[in-house]
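Supplied in structure tokens, the structure appears directly below.
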Amino acid sequence: MTDNRPINGPDNIISPEQIIAQGEVVYQRPDALSDAQTHYCPGCTHGIIHRLIGEAIDELGIQGKTIMVAPVGCSVLMYYYFDVDGVEAAHGRAPAMATGLKRTQPDKIVFTYQGDGDLASIGAAEILHAANRGENISVFFVNNAVYGMTSGQMAPTSLPGQITTSSPLGRDVKVHGFPMRMAEIIAGLPGAAYVVRRSVYDARTIRQAKKAVLTAFKTQQAGLGMSMVEFLSSCPTNWHMSPAESLTWIRDTMVPYYPLGDFKVAEEVKALG
Amino acid sequence: MASTIKGTIVIEVDRCKGCELCTTVCPQDILHMGRGRFNARGYRPVELVDPTGKCTGCALCALICPDVVLSVYRYDARRAPGA
Amino acid sequence: MTAKRELWKGNEAIAEAAIRGGVEAFFGYPITPQTELLEYMSVRMPELGRTFLQAESEVASINMVYGAACGGMRAMSSSSSPGISLMQEGLSYIAASEVPAVLVDVMRGGPGLGNIQPSQSDYFQMTRSAGHGDFHPLVLAPSTVQEAVDLMYEAFPLAEKYRTLVILAADGSLGQMMEPATMPPMRPPLTEAERGDWAVRGKGNREKRIITSLFLKEPELEALNHKLQAKLSQIAETERRWEEIQTEDAEYLVVAYGSVGRTCKTVVREARAQGVKVGLFRPISLWPFPWPRLRELAAGKRAILVSEMSAGQMLEDVRLAVEGQCPVDFYGRMGGVIPLPDEILEALHRVVATYRPAVDSAEPRSE
């Protein structure tokens, strides 16, 4: 006999404790994330991306055989935030280190996590060649259009006219060149099996980003070649915006230049479902 | 007919950095920044203000939270034993 | 089956010796005069089911070595002078995170693009500054292909014993020459249990392991440096290597290493035949430099002649070792020019003429 009386009508309020006790967990911290509190600025979406990766590792049950390659940049300390084996690469060299790890331990799941300075600037050769070799690793590329750790310099992904601490008059494309669309560039290399761009500025994009992380790991598990997810991410501190404004800035200003979407999905990856 | 699904969240107060993102997405508007209370890291943590049990456990707050501050629970009276 | 002497090209002999020594992963990049080492690896490593990869640059190569080494694998690279310069950041990371790794440097003429002739002008690069920060790789300098084989064979055990970087410092002539050598037996591969308990191999159900060279809190970085220094002094205690020839009754010493050290054996032999009591001191470990023995030998010597294919770099270590007990002179060639025995012999005679006691020389010294 079901009771359709409104639960919280005057006579039977359900207390939070009862909801917790008798209800079910809808969301909680993934095991693959450690208990450490992150050093990221308030509202920085590195935290969301970390969480999505942690969730995917849990769901695929690969925590025990995952090896993480941390970059130099804001996420240089990420090995504190994950409960997986990890190494710290020199700036830009994560794909090379990941290559060394994956080639000698092919049964492990190896991923790099890199910012735009790390991947698109000093590490451009490494990511290009890792992709071209179809290195069987997953690359999570966080594009927040500035160098965050060193407090807001222009990055290869800074937008035209974007004011940063090293482009005080705004990025002049005639002087500094154009922002690099790495997903499109990497997608052009045959060795890349799965290359997409996502973001994490609202519930819809976060859910899509989560699926992409899962697909990237599955691509690696199936040995189909390099997988890369580029995330448009925020930097409230160095963009001089509130966390909420920075998410809006991603949607209204970054996305037009960096369209979200799939740029390379090999047939075999599609077949993974 | 009022919803038979009720939810609540657990806030790890000292993890919150006061970024306010969760308050911008809560459909029930029951998440607000605490007034005059600081956590161990000196931030003003978020608070759940839900006297009439509006929370449905939709987890949109947890989805947007960059610091995994929020755990979400849901209770569905229809499936509750002996309801 | 007794190992047989075969004719080997230096670079290939070093590669095969590394394979016999148990290398599991080789990452490298073409650069003369080292490339045959890479080519040889490209054939043999896949044959043995081991990892070989030609990387996009030396920067990538050393970081691939670093990655593999973090996993407790026996990983190495090889290059030559300009390539080693590109690797220096990686070498510093390897040293700071105490993972065992092996590198072969087949030195060439420098600075700049230089040329592809043999040279020793990277002595400082390897012994003083193989990268930023206080660290020293263990540097071994062979003078023959056989010695290169023997030292290469020891490289991985040494690297693992001290969890450090080992560099085999050869030069273009050693890499390119051919001479007979005997290969050591194939060392059995490492078992999973034999890999370091620090190796990053997926946490399974143990505590996670992190290998990083980042120590933001300065007391922690200072503690790491103390640990590295303690290790270096331990290495210095046990791994100083050199060769001495006719030093017991010598009045003069020639100090030279690597292929110049080999040339100087001829110089000593000929000088002795001409009545000069001279001996050879040939450092084999460039770091740790065998200064204690050299300091002992310097006592009572009339003069020491150092010879290098450079402007004089080991010269400074010799002077530090001798500590003014006797004059230390230098004869070297640069730019990839190989000094011939006669030139060094003449230099030795000039030294003898300059520093022999006045009593037995008829006319006063002129110059």
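Letters A, B and C mark the chains in the order given here, with residues in each chain numbered from 1 onward.
Operating definition for what follows: contacts are C-beta pairs under 8 Å (C-beta built on N, C-alpha and C of every residue); 3 or more make two chains touch, one makes a residue touch a chain.
Since the model is a prediction, treat every value here as computed from it, not as a measurement.
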- Item | Relative to chain B, chain with the most remote C-alpha centre | C
- Task: Give the identifier of the chain nearest to the protein's overall CA centre, each chain being represented by its own CA mean.
- Result: A
- Taking each chain's centre as the mean of its CA atoms, how far is chain A from chain B in angstrom? 25
- Message: How many angstrom lie between the centres of chain A and chain C, each centre taken as the mean Cα position?
- Response: 43
- Task: Please report how many Å separate the Cα centroid of chain B from that of chain C, as a whole number.
- Result: 63
- chain A contacts chain C in the complex at 63-67, 69-70, 76-77, 79, 82-90, 93, 96-101, 103-105, 108-109, 125-126, 128-129, 133
- Within their complex, chain A touches chain B through residues 2-4, 6-9, 13-14, 16, 18-20, 22-29, 33, 37-38, 40-48, 51, 202-203, 206-207, 236, 242-244, 247
- Note on the structure: Contacts from chain B onto chain A in the complex sit at residues 1-4, 6-8, 10, 14-15, 17-21, 24-25, 41, 43, 50, 52-53, 57, 59-60, 62-68, 70-78, 80, 83
- Footprint of chain A on chain C - complex, ascending: 24-25, 27, 51, 53, 55-57, 59-61, 63-71, 73, 75, 89-90, 93, 97, 200-205, 208-214
